[in-house]
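The following pair of complexes shares a single chain, chain A, combined with chain B in the former and chain C in the latter.
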Partner chain A sequence: MIALCPALFRTRTLWARADTAAILRRAVLTMFCLGLWLMPVAAFAQSPTPRTVTDDEVNAIAKQLYCPVCENIPLDVCPTQACADWREEIRLKLAEGWSEAQIKQYFVDRFGDRVLGAPPPRGVNWLVYLLPPLAVIAGLFLLYRALTSWLRPAGAHPSLPADLPQDEYVRRLEEELRNRDR
Partner chain B sequence: MTTDASTPPTRRLPWGGLLALLALLILLVLVGVALVRGQRGQFGVGQPAPDFAITTFDGQTLSLANLRGKVVLVNFWASWCLPCEQEADELQAAWQLYQPRGDVVFIGIAWSDMDNKAKAYLSRFGITYPNAPDMGTRISQAYRITGVPETYIINRQGILTYVKLSPFNSVDEIRAAIQTALDEP
Partner chain C sequence: MIANFGYGSLLIAWLVALYGIGAAAFGVWRKKPAWVDSARNAMLLTFPLLSLTALSLILLLVGGHYEIEYVAAVTSNSMPLYLKITALWGGQAGSLIFWSWLMSAFASAVTLRKWERDREFLPWVIVVSLVTLAFFLSLSLVVENPFNRLWVSPSGKVVEALLQPSGFTLFTQGDGRGLNPLLRHPGMIIHPPMLYLGFVSFVIPYAFAIAALLTGRTDDRWIRITRRWTLVAWLFLSLGLLLGSRWAYDVLGWGGYWGWDPVEIAAFMPWLTGTAFLHSVVIQEKRGMLKHWNMLLIILTYALVIYGTFLTRSGVIDSVHSFARSAIGPMFFAFIAFTFTASLVLLIRRWEALKSEGQMTNLFSREALFLANNLVFVLITAICFLGVNFPILTESLGAIGEALPALRNIFTAQKVTVGPQWYERITAPLFAAMLLLMGIAPLSAWGHSTSKTLGRALWKLALVSLLAPLYLILTGGRSLPALLGLWLAALVACVTLYEFWRAAAARQRTHKENFFLALWKLAGRNRRRYGGYVIHLGVVMMALGIIGVEMFQSETQGPLRPGEQLTLGQYAVRFDSLAEFPLADGRQVARAVVTVFKNGVSLGELYPRSDFYPEAQQSMNIAALHSTLEDDLYILLVDWQPVSADGATFKIYHNPLVNWLWLGGIVFILGTLVAVWPDKEPQAVARRLTPARLPQAPEQAA
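After this line comes the complex of A and B, so read on.
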């Protein structure tokens, strides 16, 4: 670095000559060299320090994932080597500063939606989220209809409106019965 | 007669019941489709091999469709799979036999594996034929594999001619399987 910037160490003598243009050039060069010198320091300061990740942190994500090798067994309790490798990958990603959502998305991209405990709400998967509440609503509606029909008074039959014209035969039959009672 | 006896009283459609029936029908269809898909079993010899495209661990892109005219051996494996290790050396030895010919291609598909582990496995066994991760497990699902190792050999017309659901025991076994595909027109 010093070999690259000999001008930096000659600035004092040049200042004495009062050559403004030269001083400006030297100043720019000085700043450039300082920048080069500080760059590795800044880069080191910005590099993420790997942090220690606990088993609980790993398992908090692992329990939401399922590997295709051992279906229906959450990753946090799966004893296979494949799942151990996956947990190790989660640990590495967490140490690198990845968020839970990023890690889950990484596994989905890598192994498909099947790694998730619940299907993501898109496409035909919406049926999983829509059908159960719709079924409950439909069931409640049918229950309401049934209850209202059961609780209706026996005389008020909905299928026979009051203003329906009486059948001639029925009218005559009732008249005969009344005459017989007299 | 004061009433019109010929006109029957109008009845409302039971929309609630119809909707319930429709929902039940849709549910039954979905369950039926899932059952049929689940019961399809193994991918059979004589069927067209499902096409796939891969990006290998060293960045090379390959498509099965572009390999038409060549015999293709597709081997599903994983670094955590001990039986896969049994056949790793045999597969590499067979590849070294066929590579100079140019009419046989080996492709390895790492199933449910981590990239770093898979690369370490390839390095450990000195495997040089193209290997790629099964992104989204799409290829393994298309071939309906049930585990690893599994090997599928596809003839020049893209038809599956050989399926092996366990590790190869020798290079001769691999050669015999490939020869069957090579002998087909």
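After this line comes the complex of A and C, so read on.
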């Protein structure tokens, strides 16, 4: 490539004794040579050769996906041949420049929502996200209702019901501790 | 011959169980104690009969009778004797026999107790225990018979049947398929019996609860009788879960201990409700409250025990379609529906009689905090139940989408995975709340704690506990969940240790004992309370391990040639060599030699290996571990590229603090043993307290 452009490397000396026409002529020649030199680089940029993808990059995506064949086993640790092939597919996609989201969507399109680690929030799947907070709210409400309904004015019945014999020991211990804390 | 004998004793045990149910019910109905005694004898007879059944199956397994389908499926000539014996619970049919055998052992043990004061409970305890046993025996007799033989037709068709089909001859084989390699691990040998022991022993408190409902005895007698049974059940279930976690860590090769797998959750759910029950019965004993709730909790625990067995045994988890294919599924479903509905109906009938005797005086009293703790446990159970069943639900609801095209976008019939990321996100705040309550509740008092007294007791300890997250911040930790988790764990540790110190110091002063003797005697005098505190300390240690792995685990993987190394944080692992050789049991082993370095200093050699089982065509990657209290370096030889002496792929996990999880598990079990340990001389304890100081006559614990 460099051998094709002798003009390029003589440019500096040319400036010293150049007339305008000669400069223009040589500039066109230089640009032509530059074009020839850069052409393969531009062609490479348009269709890159696959880059090397590490196992860690594959695992970072594979561990978010679930084996469509085996139940509840993430793709990064599944020992089946099918999963080995799918991991290789992730590697190829990464090498081709696919993003993590694109690869995940590719597997969802092929095998369905079950490859994702959690149900995607749509349709009936919303239940799995809405029911737990609703249950917590309902539980807290019921707890509050239960506690307030059982609450009675302090001191109305100060004595505690009878305990087991060994609890008598605990009661005495507690009493001693209370005396000590005073 | 042995198979026929085993099946015969199984059949007789089932008939005896049915007779026992009828005799006990008839004895109550016609008020004839002789019939109840006969039912008791029937109950006792099931144990030797099922022992003969289990023994027959073990003899078949050990003897290599591969004409028996179950034997061929779970054993092979190359398996050692102990694995052939433990193959009894290595497959579905055998594990159901094992379940029934344990159930008969526990039920027989409970019928041997002294019944003088609780005679009215006896027939109903027998009925409930025998109904449960008869159900499991029915499964073995009808659907999952481990004594079925293999028969071959002249055309070569092989069928499975107990008796010889016309035109078929016995199908004999020289070798079996062998136990699943994943199950050939010491943890897996002990783990299922522990879980099953936990499951079956929870049947006993349930049986007493139902007996209390049927007889109308609304006091807390049933709770006092079954207190130790419940703790034993909880101990076994806890042990089963811990051993299962360790097995997963050692064998499954993913560097973790808990994958939120439905089978794990199936055992975790009754443990959660059982834990709630253990706390809430204390409120009933001390304050005469929560009688409905305790009944509901034990009914729920029993239902979850059966449901857990159903989930792991029916194949329903795999797919809703396998549920339809498997005959065991509908039988389980019908049984759970029947027992749960019948129990609820009984509870509703006794609703009025079970009204609380006591009342709460303050929202910050110990009973209020125990109730909040119950809510947390039940909410986690509900979330687990939703997560386990949601894939089945979405698949089933797909029928609506198919019937109504307008709703097809909502009910897509797409099977979904509910994995760890969902469980961790949803349950994390609840586990945090659980730790917070563990930190606060021991400082509260029964009946009369107020926010002021509780705050006064808590604030100094809360300040001290802040040192733990502060240390994490100073060492570079910035994860908010980790900081919060560490603070809560530290709070529980501070409060628990303070409680020990406070009580021991008080005793030391009054009894003039040295501190450690005072501590020892203190625990001995109230084992349930201080055993519980030891359990809390175990939970704190386990929480440290969980925070370490969940928040700070790191991993790397890569192919290495001899002499090359992989780096992960401060560690480096150099691949030195690899040898491949066969073992006497048929395994093909590929064993790598690697040298581990920390900050450039050699820590020695480790040997990750991959065992290939030709009969099962399955590999197992056995991790090599460098374990310290600080962390584990977990090295796996993985098969992403062909494993050879010229190169192999290694995966390395760095698991900070993970060993605190196992140590915490040991402390947890020790605490449970303290709580469950029987008092040496309960009479002596009663004698020490003068009648004048005792509010009522002492009762004998069961």
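As a working rule, the second predicted complex is superposed on the first by the 107 of 182 C-alpha atoms of A that agree within 3 Å, B and C clash if a C-alpha of one lies under 4 Å from a C-alpha of the other, contacts with A are read in each partner's own complex, and residues count from 1 in each chain.
Going forward, contacts are C-beta pairs under 8 Å (C-beta built on N, C-alpha and C of every residue); 3 or more make two chains touch, one makes a residue touch a chain.
Because the structure is predicted, anything quoted here is derived from the model rather than measured.
Of the two partner chains placed by the overlay, only chain C lies in contact with A:Arg87; chain B stays clear of it. Of the two partner chains placed by the overlay, only chain C lies in contact with A:Leu147; chain B stays clear of it.
When the shared chain is aligned, chain C comes close enough to touch A:Thr54, but chain B does not.
In the superposed pair of complexes, A:Leu130 makes contact with neither chain B nor chain C. In the superposition on chain A, contact is made by A:Asp109 with chain B only, not with chain C. Taking chain A as the reference chain, the count of touched residues is higher for C when chain B and chain C are set side by side.
By the touch criterion defined above, A:Val69 reaches chain B but does not reach chain C. In the superposition on chain A, A:Pro119 makes contact with chain C only, while chain B stays out of contact range. On chain A, the surface patch touched by chain B in one complex and by chain C in the other comprises residues 84, 112, 114, 127, 131, 135, 142, 164-168.
Touching chain A in their complex are the following residues of chain B: 1-3, 9, 16, 19-20, 23, 27, 30, 78-80, 111-114, 117, 133, 135-138, 140-141, 147.
Those residues of chain A that touch chain B in the shared complex are 67-69, 80-82, 84-86, 88-89, 109-112, 114, 127, 131, 134-135, 138, 141-142, 145, 159, 164-168.
Residue ranges of chain C in contact with chain A, taken from their complex: 252-254, 259, 261-262, 285-289, 317-318, 356-363, 368, 371-372, 375, 378-379, 382-383, 386-387, 390-391, 393-394, 397, 409-412, 414-422, 426, 430, 445-448, 502-503, 506-507, 509-510, 525-526, 529, 555-559, 618-619, 621, 639-640, 649, 651, 679, 685-686, 689, 693-696, 698-699. Touching chain C in their complex are the following residues of chain A: 54-56, 59, 66, 71-72, 74, 76-77, 79, 84, 87, 112-120, 123-125, 127-128, 131-132, 135-136, 139-140, 142-143, 146-147, 150-152, 154-155, 157-158, 160-170, 173-174, 176-177, 180.
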